[in-house]
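Each chain gets a letter, A, B, C and D, in the order it is written, and its residues are counted from 1.
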Amino acid sequence: MTIRGLQQELAEFAAERDWQQFHTPKNLAMALAGESGELMEIFQWLTPEQSAGIMADQAQAPRVREELADVFAYLLRLADVLDVDLEQALAEKIAVNGAKYPVYLARGRADKYTQLGG
Amino acid sequence: MTIRGLQQELAEFAAERDWQQFHTPKNLAMALAGESGELMEIFQWLTPEQSAGIMADQAQAPRVREELADVFAYLLRLADVLDVDLEQALAEKIAVNGAKYPVYLARGRADKYTQLGG
Amino acid sequence: MTIRGLQQELAEFAAERDWQQFHTPKNLAMALAGESGELMEIFQWLTPEQSAGIMADQAQAPRVREELADVFAYLLRLADVLDVDLEQALAEKIAVNGAKYPVYLARGRADKYTQLGG
Amino acid sequence: MTIRGLQQELAEFAAERDWQQFHTPKNLAMALAGESGELMEIFQWLTPEQSAGIMADQAQAPRVREELADVFAYLLRLADVLDVDLEQALAEKIAVNGAKYPVYLARGRADKYTQLGG
């Protein structure tokens, strides 16, 4: 299904329940941040190595899937309500980041572009 | 482009810069939460009405687009690293939520499903 | 009790359980952000007016108290592990913000200082 | 200075700028989560070891102090607006957690109390 198709499904889900009144950009941005926080909390006490193996943990894997889905749902919904084309916004961002983080400077470094020198 | 296609583009972007070493699920979950927080901060002092009109604000609209793209990028990347199919996870979640929030109970209410009675 | 006293109590609580190994600054910063997100989620579907009356809601008030305490606990713990004096850091920040947001410019405006003109 | 004293200073700072109108619990909870997210972002690409040494990094240390102060400021402000006694809320929470995480069960384990068995 396309991103647009997923957004329509979520819009119908909200409309059937008369939830559009709650879905202001402000509230959806909070919900998106909240769900991202819940997803992050799953990882907070794990070592990097444990985090890499989390999908092999039968108790945690379904939680991770669910939280990823929640984040995705609110992201799609927020972009829909704001009328932002997520794919196009991402393509633009990748182009901008390609210029900010040229391979020869950014290779193997996690620094912010403002600290890469040049 | 498909979600899979976007993920491949982001994976190449990271690989060219030798950034996979930083892209543990733990770190990507932090980055996703961090970007979601930055997006939310744009809305924090706005009234619900102001938040609904934000894309008409020429100073804020590009920031909103950029932050949405950042959130999307890290969500795609995290799902890729965890090998979770975002579309399928979302479809499952919508089905689960449809059962948790039946229209006749949830209509016009923002309560959590545990408080909907039945 | 002083802030230092509260920090010692929390440090003992962690030490008794051999939890210092988990309490890296990175992990504590995640936990602090996670708890702040949980606190925020309580407010996400509320109108500003509803949010102002939340402590009169007997179901929500104890949740708010608990989440505030969780945020406070991780903030104290993180500052302790980093050896940052919270009170002094706050005093410095208030002085900085007083200069960034002079009363005659900032009065009644939620703009960031970079947009206040002068 | 006491927590109450710090809160009074912050309340005056807001009142002088006529900012109380923006300081609803909802908005302050967003600001608190946003600042916690900014603090967390400083750590996101660091190894646990690098995060433990961050205050020796002269570029990052002042950022960490500032973000800790921002989190503290919004936490104090939110608790003040909600009329919650932070110290008492924390004392209660420590008592609750002491019961949920008894030393003999929780020792050396990062599991949630619901998974500790008994």
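Keep in mind that, in the parts below, a contact is a pair of C-beta atoms (placed from the backbone, for glycine too) under 8 Å apart; a residue touches a chain by one contact, two chains touch by 3 or more.
In this text the structure is predicted, and so the values were computed from the model without any measurement.
Undergrad: State the superposition rotation angle between the two copies chain C and chain D, fitting on C-alpha atoms only and giving a multiple of 5 degrees from 0 to 180.
TA: It is a rotation of 180 degrees, to the nearest 5.
Undergrad: Residue numbers at the chain A-chain B interface: does the shared fraction exceed half, giving same, or fall under half, giving different?
TA: Shared-number fraction above one half, so same.
Undergrad: Rounded to the nearest whole Å, what is the centre-to-centre distance of chain A and chain B, using the mean of the C-alpha atoms as each centre?
TA: 3
Undergrad: Hey, how far is the Cα centre of chain A from the one of chain D, in Å?
TA: One centre to the other, that is 24 Å.
Undergrad: Where does chain B touch two or more other chains at once, residue-wise?
TA: Within chain B, residues 22, 27, 30, 33, 36-37, 40, 43, 45, 48, 110 contact more than one other chain.
Undergrad: Mind listing the chain C positions that touch chain A in their complex?
TA: Against chain A, the touching part of chain C is residues 22, 27, 30-31, 33-34, 36-38, 40-41, 43-45.
Undergrad: Any idea which chain A residues touch chain D in the complex?
TA: 30, 33, 37, 45-48, 110
Undergrad: Can you check the complex and tell me which residues of chain C touch chain D?
TA: The touching residues are 1, 3, 6, 9-10, 13, 16-19, 21-22, 24-27, 29-30, 32-33, 36-37, 39-40, 42-43, 46, 48, 51-52, 54-55, 64-66, 68-73, 75, 78-79, 82-84, 86-87, 89-90, 92-94, 96-98, 101, 103, 106-108, 110.
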